[in-house]
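Here chain A shows up in two complexes: once beside chain B, once beside chain C.
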Partner chain A sequence: MTYHNLLFVLAAVFAVWAVMAKKLLTSAIMLASLSAAVSLIFFDFGAPWAGVFELSVCAGLITVLFIGAVSLIRAEEEKHPENRTRFYALPLAVAIFAIAAWFYLPAFFDELATGRQMAAGGGTIGLALWDLRRPDMLGQVLMLAAGVFVIKSVFPRRTENK
Partner chain B sequence: MDKGLLAYLLIPLLSAVIIPFAAKNRPKLADILANVTLLAGLANLAWLALRPSIIRGEFADIPGDGLSLLLVAAIYLVAFCVTFFSAWFLDEHLPNRQAYYSLILVSVAAMCGVVTTTDFFTLYVFIEVLAVTSFALITTDESSGGIEGALKYFFLTFPASALIIVGIAVMMMSLGGLSFESLRIFMAADAPAGTVTFAAALMMLGFLIKAGVAPFHAWTPDAYQGAYAPVSAYLAGIVTKISGVYAIIKLATLLRFFDGRAQAVSEMVMFLGMFSIALGALAALKQTNFKRMLAFSSISQVGYIVLAAGLGTPLAIMGAVFHLLNHATFKTVLFLNSASVEKSAGTTDMDKLGGLEHSMPWTSWTSIVALLSTAGVPPLSGFWSKLLIILALWESGLKTYAVLALLFSIVTLAYFMMMQKKVFFGKKTAAAESSPEVSAPLLAPVVLMSALIVALGLLFPYFYTYVKMVAERIIL
Partner chain C sequence: MSTFAMEWYLIAIIIFTGFYCMLASRSIVRQLIGLEIVSKAAMLSVISAGALTDNLVYAQALIITMIVIEVVVVAAGLALLVKNFRLHGSADIWKLDSLKG
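Up next is the complex of A and B:
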């Protein structure tokens, strides 16, 4: 239960961070971290397939696409001034939600935990990742390599253009 | 996943990771590492293919359905020709030379993943890797055309990815699994196939967009024309064929189009194939840019493969597989020749070119071999694959499609003859006056591919037994 609550809090922190971050790159990385936390929650609830797909598509593929897109944005485009006042309301909203969650969510989680026991036959993270979906991991490694090379391919030209 | 072919995926990935470190201060080392990796893979494939048992026509040693091995060979061959050509073609001071080769090797690994996987979700992951690497490769050319091509590629192929993932989700819900085998078993049974067919149709639509089939072809001419010349050859020759066309053939066989289990999808695929043949050929007639004309020709030729895949009979699948391989050879030759013309004459505008056959005889002759093969002139390889497709259509009673496919083959010959006349024959124009033949290393891959076109045509009876084995294994 503690593990689960910790993951839930972590997911919320990453989500808020993604919105509040000043740099697009930080936002993309925080979104990936959020997806990773959510996929661990899926695993915890006995839904390894949902967890693996969340990890593959959102934490892997989408992050690479975001980072690829961010790397294409030129330096001067990043420097447009932005009115960030409205974002400061977000931590307040999160605090109110956290207090409400303190009262209402534990009961909800208990109910979900029953569901987890029912789905106990769904398999573990290890089984899902390394046994059932092993080729996907290879695809993810390729995707990460592709992301790194996209950045390596685009950044030198940005430097040259300057 | 076919473990026997895993090394063909892992070794290019390893090289791709090593290149940026090893070639950090010596950019030429990137050329050597990429070429050696692909050549080693080709040597290994040749050793596999030239075993006495395989020459005797016994294919017990061939892993999986045989199609994977054949396509891995095509991937390595086209990638090797492109990297070898690039080594002499690329600007000495290209700042991202190492990343260029790493991206090509990662895409080779991803394509090997696509052709060896046996699961729809894994297929999707590898196809997305291909989409990311292709996008970056198109932007290698920083001209406005390159960026426009890359953006069009991005905006038009990512909705395709969305369709594929929704299709996968619906299939997971209705079938309970994502392996190719589960779909094959389900389609072989007599259970009502409504939801599963719907899921497959969504995926098929996504793959049709990825293959650049009309009317979803808007990204193809801009991407091919705008991309760096060797990248166009790479994309048109093999990448779009693996990320789209291969998946269409695979899905067509799994859906058992040949026994009418998914009649509506089969008819839709055949219609789009025929539409693509017609639209590509008619649009190619009007083009004045060499590369853009080749792009429309590519749309038309992909139409033949899709038409045959939509029919789905063993003979049609043989024709589709063989035409896919032939397309990889002749389109690579034509695109690399367009790169040579661009390098030598400084333009690919056909109105400004002319009379290049005297100064560029090798480029001219290899173009003739490739264009005759594309048009289906005997005894070149393209003739046999088109013959198989037209025969399969005729046998199945689709005589209108058969006649139209034959007629548009003549249109193909017409636009290619016009291209040859404008670019290579006739009087020398100002641009052609100072256009010497490109160096021998730039000609070598083109001559190799042209020799392969002739050899595949002349030795067709030997090759036929292999393709027949492939068609039997993937259908039965």
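Up next is the complex of A and C:
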């Protein structure tokens, strides 16, 4: 098995671990590990910019957000734990899915790959982001503004009712 | 079997794990974790398709956009969780019906 496929298997293992972990904190940490594995895959593909973003934003910022939320609700979660029977069935479900999909999916994906159209290649990420896809940048700024607006509207300033 | 087919097969397993988490759990945090797993698998499929067609530059630009959207979705979801938890003391999605208009 190549290093490349090994990273994909590692990502799948971290995903299953994140779902199966009993404590939410472990889940959040395993999600960060999954992000780190995904960013390693990006680097392996030769996509360093996506890898850096993935590592800093997904493995960093989102993990901090998750850990902050989990620390708030942890006491309640420990008092009323979720029924975990369905999670214990996950490895079995994944194994059944993997075996069943082995007979159909790879052949389908091979067929999908034959219809590809090769691009010219080349270019730089700066060219793609700033020149060719400039409306995307505007969309991202608007998206961030929408996020700030959601936080602002979910947590309004408390005013006294007179 | 080509490398592309093998990659997408493993991506399908990761997506299945994320969907299973979202179906099986009632906790908002676990729902968001499932969503994160699915979006990671979607990103992997985008970069894999980009590598297949020798179009990594555009794939990276798309992934950066996806990451920004993902952060906003998670921040909004966790903000709803914190608000709902303060109001009702619960992180159960079945008790989110008080938010309906």
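Criterion: the second predicted complex is superposed on the first by the 90 of 162 C-alpha atoms of A that agree within 3 Å, B and C clash if a C-alpha of one lies under 4 Å from a C-alpha of the other, contacts with A are read in each partner's own complex, and residues count from 1 in each chain.
Here, a residue touches a chain if its C-beta (ideal position, glycine included) is under 8 Å from a C-beta of that chain, and two chains touch if they have at least 3 such contacts.
Values in this document were obtained by computation on a predicted structure and should not be read as measured data.
Participant: Is A:98 touching anything from chain B or chain C once the two structures are fitted on A? First, second, both or neither.
Facilitator: second
Participant: For A:70, select first, second, both or neither according to whether it touches chain B, chain C, the two together, or no partner.
Facilitator: Touch partner of A:70: chain C, not chain B.
Participant: Residues of chain A touched: more by chain B or chain C?
Facilitator: Higher number of touched chain A residues: C.
Participant: When the two structures are overlaid on chain A, which partner does A:106 contact: first (chain B), second (chain C), both, or neither?
Facilitator: Second partner only, chain C.
Participant: Taking the superposition as given, does A:136 touch the first partner, chain B, the second, chain C, both, or neither?
Facilitator: Once the two structures are laid over each other on A, A:136 reaches both partners.
Participant: Which partner chains sit in contact with A:27 here, chain B, chain C, both or neither? Use first/second/both/neither.
Facilitator: So A:27 only meets chain C here.
Participant: Figure out whether A:146 sits in contact with chain B (first) or chain C (second), or with both, or with neither.
Facilitator: In the superposition, A:146 touches chain B and chain C alike.
Participant: Could you tell me if A:90 is touching chain B, chain C, both of them or neither one (first, second, both, neither)?
Facilitator: A:90 sits against chain C, while chain B stays out of touch.
Participant: I'd like to know which partner A:57 touches here: chain B for first, chain C for second, both or neither.
Facilitator: Touch partners of A:57: chain B and chain C.
Participant: Where on chain A do chain B and chain C both make contact?
Facilitator: Looking at chain A, the two contact sets intersect at 49, 53, 57, 61, 65, 68, 72, 133, 136, 139-140, 143, 146-147, 150, 154.
Participant: With touch defined as at the start, can you tell me which chain A residues reach chain B in the complex?
Facilitator: Answer in residue numbers: 49, 53, 56-57, 60-61, 64-65, 68, 72, 133-136, 138-143, 145-147, 149-150, 152-154, 156-157, 159-160.
Participant: Going by the contact rule set out above, which residues of chain C touch chain A in the complex?
Facilitator: 1-14, 16-18, 20-21, 24-27, 29-30, 32-34, 36-37, 40-41, 43-44, 47-48, 50-61, 63-65, 67-72, 74-76, 78-83, 85, 89-91
Participant: Please output the residues of chain A touching chain C within their complex, sorted ascending.
Facilitator: 4-5, 8-9, 11-12, 15-16, 18-19, 24, 27-28, 31, 34-35, 38, 41-42, 45-47, 49-50, 53-54, 57-58, 61-62, 65-66, 68-70, 72-73, 76-77, 82, 86-87, 90, 93-94, 97-98, 101-102, 105-107, 109-110, 112-113, 116-125, 127-129, 132-133, 136, 139-140, 143-144, 146-147, 150-151, 154-155
Participant: State the interface residues of chain B toward chain A in the complex, per the touch definition above.
Facilitator: Listed in rising order, the residues are 1, 9, 13, 16-17, 20, 95-96, 98-100, 102-103, 106-107, 109-110, 113, 117, 119, 121-122, 125-126, 128-129, 132-133, 135-136, 139-140, 142, 165, 172.
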